[in-house]
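Quick heads-up: structures coming right below.
Presented sequentially are two complexes of chain A, the first with chain B as partner and the second with chain C.
What follows is the complex of A and B.
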């Protein structure tokens, strides 16, 4: 009986696995096929991968876009982690009624969809452009500034900080560490897995971010990977082989980071401190 | 402590690195420099190529002006324009932007001060009239007409022969005759007549425009659904096509291409811009022909209609004089440029003097030696002009639901009545 149940579970899980993995497999297979074969729904790997990559490189500036995306994502991730962890730590460790109110307001800001913030934000950057063009519209900095930390990330760090043992903190203080010292020498190393999880979330969100970079980055030199892919599909007769190849290339960095940090990610989602 | 310092240093470095890099690259952009203009358009194989040709033609006489062409997807351009214009920030906006005709008025009427009027800058009589109407608001012309979406009926001659028809039988037919032919073709070949995306009613738009009607009345804002005879008839024809199983359904562009490339349908009824996609399947060379678009039976309707098409607009930002000069000397008057557009890209313009050129008369072997460009241009001049108004896509969303209700068995008058009410509440 037990065995039958298990077989059933495995069959069910296999079906779900196939359903969720199929788009990825199809994406990779399509990257090796000609556009016309993609439209016909060919499911066998083809021999046009090299040709697709060559065409892709000759039609768009792939490398600069990759560098832009990487610059924005890495800088956003580093800044986000510093700011959000400091904030989350502060909200939890130095807790007071007033701070809880501030925190709740912060959480409320998660309810506002980005589309509603976009026009005021764009206006703001329009004004900034006149004062400091270096960080105004159409600069990489402007693409990352609105997301250098999010309410969600602060919330995420605060929740995880709840599990951070106060004894460690007290021990550090007794041994003469400053408050910042406690944070960097004790909190950061202990919460490594939380940082890893946060890094993956932020990096992926930033790498795939579309709407804000779209409106704020005008020059093609500043385009990021999602904008580039969007442009590839803008034609009435798009080359799907090239599009699929570019999507595979765009997916690689996030996949790589996820697999590298996967162990930490799972642990981080469960909580750093056991 | 060292770690903190190191982290801060790294982030500062990154921030300054990208901000300095970016500020360098912004300089050549934007309209502030008097000797350059920026253009936004979509579709690298079509519009972008066209603007590159225009750039070449212009540079031979005016080498001083630098023209930056920036490629963005159409939806992206709409999003960027809406954000910039509604926040009142002109920073980063281009001098010239390509806008689809169906959407143009929503921009022109919502942000009238942001666009540069072009009345008097070029000869409007030289352009196809439906196009001039599409680019004007209150008698003021804001856009320079670009390509036409003039429609045709692409037919598989081999399937027709099999069913006992010749091309002559399909010249200037109406939709009822088209359906009758379709039934016989299906009987003989087993192929459906045409393929449609049920979430997009382009075919309805072509039907009603051939009768000089649109989703809105001539003022461009009053929905015209409930008492629109042309629309009612179009709904009936659509249902007849479905009921007789003559309609194949596709859900996206890929499937659309695959359907006719794979020989699944006997005809394709759409804008002339589909030509390159039809020709993409080289093995079908000689098996295709293009005949005039079907008309609506029993009412004032012509064998010509339109689907899509876009025009160039100039934004009221520094550099607009250069932009006007660029457009009027290229797309506004250059006959040779239009010949190149046809031969190198397959863009059919709406500039009437250009149709006399050699390139327009070329015979296309793929279509059995037919001069399709010349045929399309002839039909383009017959397209009835309508006011596309501001709400084409909003109303179409309502009609997509209405169509499903009608196909599901509801009464047509009631369906359109409901759609009318819904449109009226939605569009203030």
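What follows is the complex of A and C.
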């Protein structure tokens, strides 16, 4: 009876696993096949990967899009981490009633749907364009500015700061460090794991961001990877080999982060609800 | 006398130091949170106020005029908005519960102490979460094409005799969207439940077993109540996510056929950037989502009941 139950559990889990993994396998296999074979439903690896990559490079601006995505994601991640950790630390270490009120108001921003912000932001950057075209519409800066600070990340750092040993803080002050010195010399190195998790969350979100870049990045040379894939996917005569190759390439960075830093990855998600 | 004077002389000093320290400390605290607060006000709250003002205006492009409540009244007679609202609610009331049930079910299966290959199953089922929304949507669009691999496989195993119009039939298109979102997010929710389950004391289950509770009773009487806070958390985040649904629909069906799969976010996008831009009315529609998010969050808190959630 117990044996049967165990086997049943394995069968169920295997079914879920197959469903979860199948689209990945199909995507990778299709990247190695000719478009016509993909249409025929071929489920065996082919030999056209190199050819698909060459076609991809010659038909779309893959490399500029990769560079744009990387620039936006890395810059967003660095700035996000600095701003959110300063705030999370400030809210927890210098806690006061007034600051708690501000914190709760900031948290409300998590409820605001991006679709509601999109139009005013678009108009705002339109105005900025007239004053400072360098950060106005259709620049990489405009694509990242609105997503640099999120209440979620501030919340995340505050939650994790609760576990930061205060004695270290006092020790730093006694050693004559300034408050900012304590933050950078003691807090930041101690909280490496938190920063790693936050970096992963932010990088992934930024790398995959679609709606705002779609609105604000109009010229093709500023396009990011999600925009490029979306355009390829909506073409009238899709070349499946090329499309799947581009998707595999776009998924590689996030997959690498996931497999190399799996512990931080999951810790990051969990930390947010402790 | 002498000691008293000394005391008086000493006392004010630390107090002064304290006050100064506290004031300085307070200011430093505000300095730490200042950048983030300014950024959130600039990129969230200020636009929200702008959107509210816009929602009372109408006109093409930058040529806007105040129209009072006209935009809000227009919502009730706008067939495209009603379609978008209907679709969004359908996604919400079907997809979120289905996903949460699957995620709970899988996490209970995985929380088995004797299970081998646990790490493998967990990683595999979580894997969809590493894909970008656009990338997986495009993959699903082709998987579910009329001549796509899903139809071919279903025909091969004789489940269906002719291909299902996954993307072009109004009913099946919604099903495809729901399948896609469920595929992407079940593993994500499962991880939350799994970690919560690992904190549940195993002896509770042992005690229940001794009392003769079967697996179903254990699930409904112990697991669900223990996980209530986390279920509430995931259902609120899923609700907010679903109400903002855009990437998937845009890349799988483009909202079609007709407006059969269009969501509110996509309708706002269309109103602002696809049709002749009517930013005022689009802002009104966006406030509809805001109101829905607030209402649904309140309902979920009420349904979840007691305060310890």
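In this section, the second predicted complex is superposed on the first by the 245 of 274 C-alpha atoms of A that agree within 3 Å, B and C clash if a C-alpha of one lies under 4 Å from a C-alpha of the other, contacts with A are read in each partner's own complex, and residues count from 1 in each chain.
Just so it is clear, a residue touches a chain if its C-beta (ideal position, glycine included) is under 8 Å from a C-beta of that chain, and two chains touch if they have at least 3 such contacts.
The structure presented is a predicted model; accordingly, all values stated were derived computationally and were not measured.
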| item | value |
| --- | --- |
| When chain B and chain C are modelled together on chain A, clash or fit | clash |
| Contacts of A:20 with chain B and chain C, given as first, second, both or neither | second |
| If touched residues of chain A are counted for chain B and for chain C, the larger one | C |
| Partner chain in contact with A:41 - chain B first, chain C second, else both or neither | both |
| First, second, both or neither for A:181, with chain B first and chain C second | first |
| Which superposed partner A:190 touches (first chain B, second chain C, both, neither) | neither |
| Partner chain(s) touched by A:230 [first = chain B, second = chain C, both, neither] | both |
| Partner chain(s) touched by A:117 [first = chain B, second = chain C, both, neither] | second |
| First (chain B), second (chain C), both or neither touched by A:55 | neither |
| Which superposed partner A:90 touches (first chain B, second chain C, both, neither) | second |
| Touched partner set for A:78, first chain B, second chain C, both or neither | first |
| Chain B/chain C common contact set on chain A | 38-39, 41, 118-120, 122-123, 211, 214-215, 230, 233-234, 238, 240 |
| Parts of chain A lying in touch with chain B, wherever the complex brings them together | 36, 38-41, 59, 71-72, 74-75, 78-79, 82, 118-120, 122-123, 125-126, 129-130, 133-141, 180-181, 184, 188, 211, 214-216, 218-222, 227, 230-231, 233-238, 240 |
| Interface residues, chain C side, partner chain A - complex | 25-26, 28-33, 35-37, 39-40, 43-48, 50-51, 54, 106, 109-110, 112, 114-115, 120-121, 123-125, 127-128, 130-143, 147, 149, 152, 183, 187-188, 191-192, 195, 230, 233, 240, 243-244, 246-247, 250-251, 254, 264-265, 268-269, 272-273, 279, 282-283, 286-287, 289-290, 293-294, 297 |
| Touch list for chain A against partner chain C, complex | 6, 9, 12-13, 16-17, 19-21, 23-24, 26-27, 38-39, 41, 43, 83-84, 86-87, 89-91, 93-96, 99, 102, 106, 109-124, 145-146, 148-149, 151, 154, 179, 183, 204, 207-208, 210-211, 214-215, 225-226, 229-230, 232-234, 238, 240, 243-244, 247, 250-251, 254-255, 257-258, 262, 266, 269-270, 273 |
| Chain B - residues contacting chain A, complex | 1, 3-4, 7-8, 10-11, 14-15, 17-23, 25-26, 29, 42-46, 70-76, 79-80, 83-84, 86-89, 91-92, 94, 253-255, 257-258, 261-262, 273-274, 276-277, 280-281 |
